[in-house]
Amino acid sequence: MTALATRRCKPCEGGTPPLTPEQAAQLLTQVSSAWTLINSAHAIRREFSFRDFYRTMSFVNAVAHVANIEDHHPDLEVGYNYCHVTYTTHAVRGLSENDFVCAAKIDLIPLS
Amino acid sequence: MTALATRRCKPCEGGTPPLTPEQAAQLLTQVSSAWTLINSAHAIRREFSFRDFYRTMSFVNAVAHVANIEDHHPDLEVGYNYCHVTYTTHAVRGLSENDFVCAAKIDLIPLS
Amino acid sequence: MTALATRRCKPCEGGTPPLTPEQAAQLLTQVSSAWTLINSAHAIRREFSFRDFYRTMSFVNAVAHVANIEDHHPDLEVGYNYCHVTYTTHAVRGLSENDFVCAAKIDLIPLS
Amino acid sequence: MTALATRRCKPCEGGTPPLTPEQAAQLLTQVSSAWTLINSAHAIRREFSFRDFYRTMSFVNAVAHVANIEDHHPDLEVGYNYCHVTYTTHAVRGLSENDFVCAAKIDLIPLS
């Protein structure tokens, strides 16, 4: 468990600037290498694949529990055998530490 | 309940042609008008919005149950207050009656 | 679909008496015969069985959606291949029409 | 995180004896003190309470993911604002280490 995964999401304050690409790149090293920066470093994304829809939904609901507890919610693309997870912080129009905290928590959800 | 919602998905047979745009347009009249043809009539899509993520996931899991029972699975985009549902039939590289049968069943899931 | 399944749960008013055993027995004829009166007609219960835990949880989440929409919540016993659903109305210390409305809606959830 | 939570459930072999009450009592010290031995040390049980049914089901689905991944399934009692989790190992007619491994994993699911 990395230090990031043990942190909690903080309430977003209006006016906070988003992470710079350099800050984002540094935090990216603290989560699974499967996460990538997208949208000019305004979001992070990880793709998960599964054997069937039952296993996909089991994982989706585990992700949802993290979102509910942290009150920070990803955008998900979900289909028969996949779930793609994207985090961004709308309130700062880019990435915040919250996105990486949640990514680190998602990394702890067991896959098999 | 429309006749469509009472039908069951049929196993897809290889070599079956997809619905023509005309056939798709006709079946589209038998589901909620919120469904639209997309991708040159290769898929149908409906957008749902919700008050919060708990209500979104409650609906997503109800959709998942329809998918599990019919063994025909949508592609979903899911976020804090929305779920977009897309049906297509990969085996025929376009739309099949199964997509409309499932759309009609999704229409029966209560929203409030 | 029975008339009962098309009704909505009503807010419980304090002081409302519970259904009499005779009233409960009459409403019981309008839901699946798999529902039984228990606890001296203070609750109704139906047992469902499934092939595995994935299918059980798919059904449990479909039941949960009905509960969320109706704002009337069952007590569930859930294990690997079973889900037992019990409805009672705590506010009236017995059965109300709400319990049968929800039972009728649960009866509409597809099982296979 | 205790060592127990990092272990995996092992396939149950027929003929394996259940844990003795002494062995069970020792493993019980390695999980949350909210777990109690029940049924003459044939099962362990922990009660969780929540603010509403949405939060209850979010937790229930997180528990279900642990069960799916470990292929070891609890018995759950679930209602509006509670979830009671019971583990036993039917194959040994009593407790096995698997029950405590899963209990330790359940202890890691965040509650708030």
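A, B, C and D are the chain letters, set down in written order, and residue numbers restart from 1 in every chain.
As a working rule, contacts are C-beta pairs under 8 Å (C-beta built on N, C-alpha and C of every residue); 3 or more make two chains touch, one makes a residue touch a chain.
For clarity, every value in this text was computed on a predicted model and none was experimentally measured.
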item: Greatest separation from chain B - chain, by CA centre; value: D
item: Of A-C and A-D, pair with higher C-beta contact tally; value: A-D
item: Between chain C and chain A, distance of the C-alpha-averaged centres to the nearest whole Å; value: 38
item: Between chain A and chain D, centroid-to-centroid distance (C-alpha), Å; value: 28
item: Where chain D touches two or more other chains at once, by residue number; value: 54-55, 57-58, 61, 64, 68
item: Chain B contact footprint on chain C (complex, rising order); value: 1, 54-55, 58-59, 61-62, 64-66, 68-69, 109-112
item: Sites on chain B touched by chain A in the complex; value: 53-54, 57, 60-61, 64, 67-68, 73-80
item: Residues of chain D that touch chain B when the two form their complex; value: 54-55, 57-58, 61
